[in-house]
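Shared chain: chain A. Partners: chain B in the first complex, chain C in the second.
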Partner chain A sequence: MSALSVHAPVLLIAIPLLGAFAVPLIGKLGRGVRDAFVGLIAAFTAALAGLLAANVFGNGGAASVYVLGGKPFDIPLPSGMTAPIRILLEVDGMSAFMALITALVTLTAIAFSFSYWRERSGGSMYHSLLLLLTAGIFGMELTGDMFNFFVFLEVTSIAACGLIGFRVWLGRTQEAAFKVMTLYTLSGLFVLLAIGLLYGEHGGLNIAYLAHSLSGGIVDKIALGLLLTGLAMKAGAVPMHMWAPDAYGEAPAPTSAVLVANSQASLYGLFRVLFTLFGITVSTATTGWILIVFALLTIFVGVTMALVQSDIKRLIAYGAVSQIGYMLLGVGVGLATIVTKPTYGFVAMQGGIFHMVNDAACIGLLFLVAGAVTRAAGTRDLNKMGGLAHTMKYTSVFFIIGAFALAGVPPFNGFASKFLIYEASFKLSPFLAIIAILSSILLLAVFVKAFQGAFLGPKPASLGGGEAPLGMLIPMAVLALVVIAFGLFPGFFVERIVTPAARALWFGRDAYISAILGG
Partner chain B sequence: MNGITSGFGAWNPIAWTLLFLGILIVAFFVRSFGRKDYKRGTGQTKAFLSGNEEPAAPAGLHVSGDNLYWGMVHGLSAYYRRVREWHTGDLGDYVGWFIGVLALIFVIIVWGG
Partner chain C sequence: MNLGNLPFIVSALLVVLGIYTLLFKRNLIKLVIGISLIETGVNLFLVMLGYRSKGIAPIYTFAPAGERMVLPTPQALTLTSIVIGLATTALLLSFAVFIWRHYGTLDVHRIKELKG
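The block that comes next holds the complex of A and B.
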């Protein structure tokens, strides 16, 4: 195995992190040099994520450990006890799957940003924050240590708030950034408190070590409640979602796409806590049904609120909120049934996890389209738009692809994952499937409204709007191709990347622990 | 390779896409048997509105997105009134929801197992 393969986990975090601090300096050499540098960092990071995924999935999704410092991590303490105390990264099928999603979204968003940010100042700081956010997301997905998870959670929070409020000349961006900063800080404090409780109770911070030590006592349950609520809030679960439309709506369009990947990283953290850290030490039926209730609220409220939006970015933002609900539903059904392990429980897990990558691609595409549209039209108000399809033909087609995929219209990718979620959740309770299917139909209506408002009819004379430049069209085309490929060949992707990720959560708790503790 | 199964159902997008394309080809074939002796730009090709004259739309008229579902939103006005009350935009309310959910989760987890 090459050195690059061996060190891929740490390089995925280190390269965008170092790149983030180098960008303001490189930016002094000119915009072209800076953009080339940022593009190189993003492309290299994406290639590393691909390499890591190829290694992990080639190995059946088995957990592997990377130790920073390269020395043994289970150092004997004076008491004779050994505990993993070094900074460890632990990568299994689920971590590698998340890294692939992050790489896809950040690469396309950064590529889109070069054209999107061309006429604005502050590009160096903008790209610096974008790379910092990328490093934080990768860190959350690859770490094997709860405290480092908190550190990376905070890195993403700081970078995200900076990006949401970056356009300081728009007053509402400052309000959105302040709200997000307050809630992210509160969420981070709850996560830190939970980690402190677990450390005080069990004397360790390593996830595998904690998972091995947890007994499901009252302190453990309090920590679980804090982690569950804090991470569900950061993922945007209803009724703690209210920051999400503000954040996604006010952030620059390519950043909104990365913020969705950030929310998915929090969702990953939630799944890691529930399946790997706690597992069956607490009642999985209780935690599973908590996820299911969150899911139903998130799906329904997200979709119905999207229907009454007239701001194209807030409309897509509520659509993004609703999709988090589908992921929670699939994984919630899996968690609620993990003890008896029926076939449909694993299918639900596959559906929920498959929907993460599908949602990242189609929501990312829709946010990029929204960026191109608002840049061309000069407004986000759907009531002031119209007829953009006359001049933005390719962008219109990309919008249709993204909208159909998100609404679960066959043969696009959203249908494939929702198909698994519908069928499996129906087995648990037909009511769950009915809510999920009705909300998907309603979401299609939402995007019919958006398409009619922005793209159809005569074009008002006052409205700008030529076709988006090639630098924007290419990232949109890449995401559209991903949407179509995952839609037409779902079996290929489910077998190779989704199933190992689902297995890592559903069956992989013991393997995750033994990769660190042995035995 | 391209299809997926749930254990109780199956989805094969390539097969369904080919079927859909096949149906489109058949529909196009059937359409080619249609009458070709109509005259474009005459009353033969005008929309028939129960015999009423179709009023000309003002130039530049566009039915905006908000008008599409006004009836449905009106029908659900009681629901929307309640849901919009939650979305105040007030940070204090956002934090209130967060703390309220945390309290509820504590109760469920500690007592529920």
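The block that comes next holds the complex of A and C.
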């Protein structure tokens, strides 16, 4: 058992990766065997993430290093210089927190997929790509090395676009997949160029080593600009968001939830770069306000574009875009005030980071509901739907829970984190809080309209729609329970998992560096 | 042979040309070429980072003593990046083939099922 907990970081990447390549072979043995295998892999991965989180949070969120190869990583070179070599994974509170989110979303999405793909072909390909995407996301969250981060970023890009585009018989999926792949590749190349600049300037690729030797010179600033653009593009921040609604909207419904987790992993990369890699070597007021401007644009544009949608998945997709803005707002306020470290800055960090898990749960729930609804109704157009609440009682309740949580209505989880963000951003500037609150109210209007369109009123005779099977209802119920639990007991979760994560970013730069370099 | 800053200028030029192609061309195949150009520029930049004037290949076995070696790390990075580039280009081109089959055109202005 202790060996399992020691090796949890690398197993989290290795097991879904091996599973991904084994699924097409095991799929030859039959659908039941394949589903059992995929379920086993997903459950084991989630258990590992839980184990890792229990270890890290039990340790107060302190950074720990995992060395691949099992030998020391700081062997002095013949010239006497010591630099971290070997492949290193570095896990602190924030990484473990992200791993928990990813485990929650992928486990429920994979469980949902078993029923969702029952009558369709291509299930082996689908599960293979989904596990590959999971491995890539875990890799991005756990690595301690910039270049490995880039490699895992590209693994997620390719797997995500495979998932969006593998239904080649639909024209719109191809259009979406081409667009998404172009922008993902572009963002990956920006990141790679920045890594090249940092390597040329400082001669290392390890995040802690780079953070230690960064000076904030002109080359470092160019690298920061490239990383900021590339990672914000991959996270779907406005004005680089045009791929996001296509990706979330056209991917198979359970996958859309995992794509949101992928965007959050890019956001994690952005936060890691801003807080741990650069930290106070550059003007944090400037970088913080850049994040805040991105955040306000993302919130506002996401919500107003959701207002005009009539396609249920595209509507939720724009909702998902706007939520990325709330996370950026919370963390941006934290970054802008990191030098003076006022109390409200830390509250903003807690809010932004807490919102990541809340968004993953409620957006995941909404995408699963959209999958169940479109599967039952046979259409995604809200104007052609209606009256589904008569036959889909549980699904409609889950939609209400998800929508209220997303719009920040108490007592659901979205309110708990958004309230922290409003409170803290109001203290920095009331204008920020006003935009954020107004957009939340608009979002509520959007989802009330969507609920009314899909679930209330008379049911068109041509519309299908029986209740979703139990295999779909259980994953939705799990996410709904998470939404309610995080909404009813926010203090418990903030104290146990959110505060160590926020602390790791806000205060943890020196600890992150000294975990590798010592001293 | 000392190349000075010429390779860096060339790689910057390739990146700029690629971005120009992405912004102003309408044909999907040309967009893939644009991505490819940026990729080549970045790869050239990475290789140049590790280049030392009159350096030899960084292989210790049978290496003559006292010779300067080029840095091996950027070459490993470039190799990885080329492999990833191959995968993305292949994926992009296959999407372009399917778009052609569905819409009968490669012009981005005429493929607009997903708007707004």
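Going forward, the second predicted complex is superposed on the first by the 518 of 519 C-alpha atoms of A that agree within 3 Å, B and C clash if a C-alpha of one lies under 4 Å from a C-alpha of the other, contacts with A are read in each partner's own complex, and residues count from 1 in each chain.
Here, a contact is a pair of C-beta atoms (placed from the backbone, for glycine too) under 8 Å apart; a residue touches a chain by one contact, two chains touch by 3 or more.
Keep in mind that what you see is a predicted model, and the values were worked out from it rather than measured.
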{"item": "Touched partner set for A:Leu186, first chain B, second chain C, both or neither", "value": "both"}
{"item": "Partner chain(s) touched by A:Phe489 [first = chain B, second = chain C, both, neither]", "value": "first"}
{"item": "Touched partner set for A:Met305, first chain B, second chain C, both or neither", "value": "both"}
{"item": "Which of chain B and chain C A:Tyr199 touches, first, second, both or neither", "value": "second"}
{"item": "Touching partner for A:Gly32 - first (chain B), second (chain C), both, neither", "value": "neither"}
{"item": "Chain B versus chain C as contact partner of A:Phe178, first or second or both or neither", "value": "both"}
{"item": "Contacts of A:Gly466 with chain B and chain C, given as first, second, both or neither", "value": "neither"}
{"item": "Touched partner set for A:Ser283, first chain B, second chain C, both or neither", "value": "first"}
{"item": "Superposition-derived comparison: chain B or chain C, residues of chain A touched", "value": "B"}
{"item": "Touching partner for A:Gly518 - first (chain B), second (chain C), both, neither", "value": "neither"}
{"item": "Common interface residues of chain A - those touching chain B in one complex and chain C in the other", "value": "178-179, 182, 186, 246, 305, 308"}
{"item": "Residues on chain B engaged by chain A in the complex (per definition of touch)", "value": "1-4, 6-9, 11, 13-14, 16-17, 59-66, 68-69, 72-73, 76, 79-80, 83, 86-87, 89, 91, 93-95, 97-98, 101-102, 105-106, 108-110, 112-113"}
{"item": "Chain B partner contacts - residues on chain A that touch it in the complex", "value": "178-179, 182-183, 186-187, 190, 218, 221-222, 224-226, 228-229, 232-233, 239-240, 242-243, 246, 282-283, 285-287, 290, 301, 304-305, 307-308, 310, 343-344, 347, 382-383, 386-387, 410-411, 415-416, 419-420, 423-424, 427, 445, 448-450, 452-454, 456-458, 460-461, 487-492, 494-495"}
{"item": "Chain C residues touching chain A - in the complex, by the definition given at the top", "value": "15, 22, 28, 31, 35, 38-39, 42, 45-46, 49, 73-74, 77, 80-81, 84, 87-88, 91-92, 95-96, 98-99, 102-103, 111, 113-114, 116"}
{"item": "For the chain A and chain C complex, residues of the former touching the latter", "value": "147, 151, 154, 157-158, 161-162, 165, 168, 171-172, 174-179, 181-182, 185-186, 188-189, 192-193, 195-196, 199-200, 205, 245-246, 249-250, 305, 308-309"}
